[in-house]
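Below: a set of structures, written as structure tokens.
There are two complexes below, and they share chain A, which is joined by chain B in the first and by chain C in the second.
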Partner chain A sequence: MVLPEMLDVEALSVAYGANRVLHGVSLSVPKGEMIALLGSSGCGKTTLLRAISGFTAVESGIIRLAGRDVTKLPPEKRDTGMVFQSYALWPHMTVAQNIGYGLKLRGKSKSDIAAAVTRLTGMLGLAGLEQRPVTQLSGGQRQRVALGRVLAINPSLLLLDEPLSNLDARIRLKVRHEIKAIQRELGLTAVMVTHDREEAMVMADRIVVMADGRISQIGTPEDVYLRPASAFVARFMGAENHLRMTARRGDGGIAVAAGPANGPAMLADRPGLAMGVVDAFFRAEAATLVDLGHETRNGILLAGRIVQSSYPGGTYRYAVAVGDDQYLIDDIVRRSPGDAVAVHLPDDALYLFPPQAEA
Partner chain B sequence: MTENRLTNLLLVAPALLLVVGLFLYPLGYSVAGAFLTKDGRGTLEGFLNVYQLYSTDILFTVVIIGIATILVGLASVAIGGFLVLGTSPVLVGFLKWLYRWPLFIPFVVAGQCMRAFLAKNGLMNNTFVSLGLIEPLQAQSLLDWRGVIIAFVWKQTAFAALLVAGAMAALDRSTIEAAQDMGASRPRILVEIIVPQIRQTLAVTLVLSFVTMLSVLSVPMMVGSGTPTMITVDMAFRINSYGDYTTANALGLVSMVLAGSVAWIYLRHSLREGQPR
Partner chain C sequence: MKPLRLGLQGLILGIAAFFILGPVVNLALWAVAEQWFFPHKLPLVYGFKYWETVFRPTGNAVGSLVTSILIALWTVVACLAVSIPAGYALARRSLPFRALLMLAFLLPQAFPSVAVYINVARIFYSLGLNGTIAGVVLVHTVHALVYSVWITTAAFAAVDRDLESAARDLGAAPLRVFMTVTLPLAAPGVIASAIFVFLESLDEFTGTYFVGVPDVTTLPLLMFNASMQGNYQIASITALILLVPSIAFMLVVERFLKADVLAKVGA
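Moving on, here comes the complex of A and B:
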């Protein structure tokens, strides 16, 4: 017998009036997996999460939870638990009352509720704060109460709507690991919405990159990061530098024609890529700066001049003008604005795609 | 510095004069009048009359307005709850449009409407008879204390619902969704999540409703019948029938104490609102 996926979304479309925001999205999440819906504002990731939780009506498609069709069910009958972006704690209740409310709704005895609250506050580092009003908690503590409130009812599916976006940067780093550890320990199936790439990479088993109401790519963090399926995914995953070039297949690879700023080069073949005009994308940290005149058989060299430099920590960040374009390059060697340099783009740092209309 | 003070005084003077001239002076005059006879001698006769003749009416007033206030609270919470939690956009839109109408109808017109509606051969009984719900002989007039309560609730609920629904709409919607997500039914969300969060607005609304209803003369006069009746009717009676301003003023002072006791809650709340939490 084949066990059904814990969450199965099939050809889901959602529209707000005449404006369709999800276009036939399909997605499966096995039990115990955590996925991150990643995308920029307005891509439909929150709408997808709200459709799964039942807060947004579905135009067409099916949502199954543990094999059960829940598409038409209201949120209270879906057995999902949502951690809201604003935490949505009830300000008139204490920590214990917030965490225990779901159990109270389920008719649990006071002693059972108290035991569950004690267990969860202990697990979440909130011990001793049970009787404190939630309005007197810090952001990180509120976030944990919101998580504890959901964990108390042990839902089939944990939904997290940008759970860390209201925390300051230092606490966010800590809490993301805590949430991941709890999710793993309890074997929870979870769907998280985030626009933070690093957060998605650290927390999720798989990442679902979304754009314009469609899924652009689903894969493990390594897959999505190292093997982006489209120019959009490459850019979203940090390969923001863009170079347009002319290429043809030959000599067992891709021959790049010499351009205004680059010499001819040979790259490894990318099966399926149409030749002619090609867009290449690369990350700031994947390129290096070398002196003019440097030669290499691995990748492309671009002649340029440093126009700006800064030190964000670890490496120097340079803005390098190459012809009419400007690229951001990270390098460990200290250089000065005005220096003539060559940008070395190793073959495996280049993601090649057919030209984009907007590129 | 002196010039600044003078400017400030000039700025505040018009408002101050209005308050003193239109509020404090008449109030002080009425309060003093409760302790003075027609020819200006000091007396407690007015209060003696109040005690001997109108104790029952005072109690009646407090009970009637107390019940009406509770019903206004329940109705406004129900309307606000439906507007926030309702799932049918058509019904929610209709109720939103409908519930405000009594706001624009004066108490005197509301009283007249209730006379036509609640009388023995009024619209309500006629409708019940035509629907076969009651026999014509069973029809009874509600033009008594029940009619007063119904008229008050009908008129005042619109005002209360306006404030309560506004407070509910201003709540962080996700706190409601979080409860729904936990599995709470809509009635439980209303009682356990929404009302506790708007309780201060609700309290203020009920205080204002209490004070408003306490001052209405037309409704108990038109809808109520016989005795006991409400303080406002007694005051009008003392003045119109006997020219007895002393007793009328004493009744007014009692009214003010009643209003003041609930207004104290309102002021306490306002002060707390102004303090940092």
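Moving on, here comes the complex of A and C:
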């Protein structure tokens, strides 16, 4: 017998009135894994989380938690623990009362609750703050109380709704790793919602990229970053530069015809890709700038001119005009606006997809 | 320019003060006047003779005060019994005709009160409610319900839904969520509405007059009778007694009602 997944979502559809926001989403999360639902606002990631937690009614489909069908159960009967984006701490209670709430509901004795609160505040670095009203805590402390309140009931599934979005940028980087460490140490199964690509990459074992109420791709951070399954995922994962070109199969690879800006080139074959007009996407940091006249057998060269340069740290960032398009390219060599340069796009930096209607 | 403006401001302030403080000063003077008649601008003899009359055990002021407070307390209980569930439902559920329901509670105030109460009295008479405390409480409740429902609705609406969701997520059934999260957080607004209702009931005259007289005598009725008999001292002293809870509670309400709740009243 195959062990059931901790969370199993099958062909889930959710509609608000006539407006359907989830279109048959399927997803499985094994025990101990943390996944991130990643997408821009309105993609349905929060709706999926709320459907799993029971706050949003499901139109069709099944949600199983630890093998149990919970699709029709109210939130309090599902064994989930959610950290809200707003933290949703109860302002009329102290830290200890917030953390102990779930245990009190479960009829635990006062001494058991106190012991659990002490253990959790110790683990979360909140020791000594037990009797503080939560209104007197900093943002980072509130976030940890929200986490502790959920961890106290040891839920089958931890749900995190944009857990870091209300924190200062500097604290956020640290808290990411703290949450990840706690999740791994306790072996928690977790689903996180975020719109921050890096946050998802750092925290999740697998990333679920969503768009328009559908799943675009599920995979490890490396998968979705290095092997995007669609033009949307490529762009969302940072390959924002877009080049349209004409290509055909031949000589064991893909032959790119010379275009208005690019010279002819040979690329390794991408099996299954239809030839003709092809859209290529690449990241600023995957391309380099070389002098005009440079020759290479790896990838494509574009002739252009630098129109803007800036230094965000580490490398220079150039806006390079190529024909009518402008690309952002990172390079370690300092150059000046106005310089004529060639943009070198190595073969493995290019993600090729059939042309999109709007692209 | 500047002195003119200052003068104008002073004049407006003075007029306002006259209209607000004038009657109160007159009241205070009458309360301590033992002899005062036309054409004298001020009382001729000052003293506390009438205070003794009012508070004398045989006088009916103390009895009326007790009746008034009793009625006001029951009115608060009756109003809260309606407005806590109604306010929660109006704030949380997407009810059809929500705006209409909110307006419905305003109806008793919209019609000429004498016309309404004459008919209420007729109906109560056939039900045997005329001249009973219960009848007066009922009339006060209907009258005060609009404040009560509107303020509690605002108080519940001001409670962040995520706070309730968090409790449910941790395993609390809806009633438990209401008792441990929603109600405690809405409590300041609910208390404020209770105070409003209490004061409304304490001051209510018309309804009590038609439904309660002659068996139920509240302070406002006592005051009215005293004035009608030309007994301005008794009327003034009663009025001063009525002022005490009003001022005390206003100070409390001002502390309890936060801006975020006030902003949602009637919304």
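By definition in this document, the second predicted complex is superposed on the first by the 359 of 359 C-alpha atoms of A that agree within 3 Å, B and C clash if a C-alpha of one lies under 4 Å from a C-alpha of the other, contacts with A are read in each partner's own complex, and residues count from 1 in each chain.
Keep in mind that, in the parts below, contacts are C-beta pairs under 8 Å (C-beta built on N, C-alpha and C of every residue); 3 or more make two chains touch, one makes a residue touch a chain.
In this text, all values refer to a predicted model and were calculated from it rather than measured experimentally.
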item: Side-by-side fit of chain B and chain C on chain A, or clash; value: clash
item: First (chain B), second (chain C), both or neither touched by A:55; value: both
item: Partner chain(s) touched by A:94 [first = chain B, second = chain C, both, neither]; value: neither
item: Which of chain B and chain C A:189 touches, first, second, both or neither; value: neither
item: First (chain B), second (chain C), both or neither touched by A:80; value: both
item: Chain C-contacting residues of chain A that also contact chain B; value: 53, 55, 74-76, 80-82, 84, 86, 88-92, 101-102, 105-106, 149, 153
item: Complex interface listing, chain A residues touching chain B; value: 53, 55, 74-77, 80-82, 84-86, 88-92, 101-102, 105-106, 135, 149, 153
item: Chain A residues within the chain C interface of the complex; value: 53-55, 74-76, 80-82, 84, 86, 88-92, 101-102, 105-106, 149-150, 153
item: Residues on chain B engaged by chain A in the complex (per definition of touch); value: 172, 174-175, 177-185, 188, 192-193, 196-197, 199, 277
item: Partner chain A, residues of chain C touching it in the complex; value: 160, 162-163, 165-173, 176, 180-181, 184-185
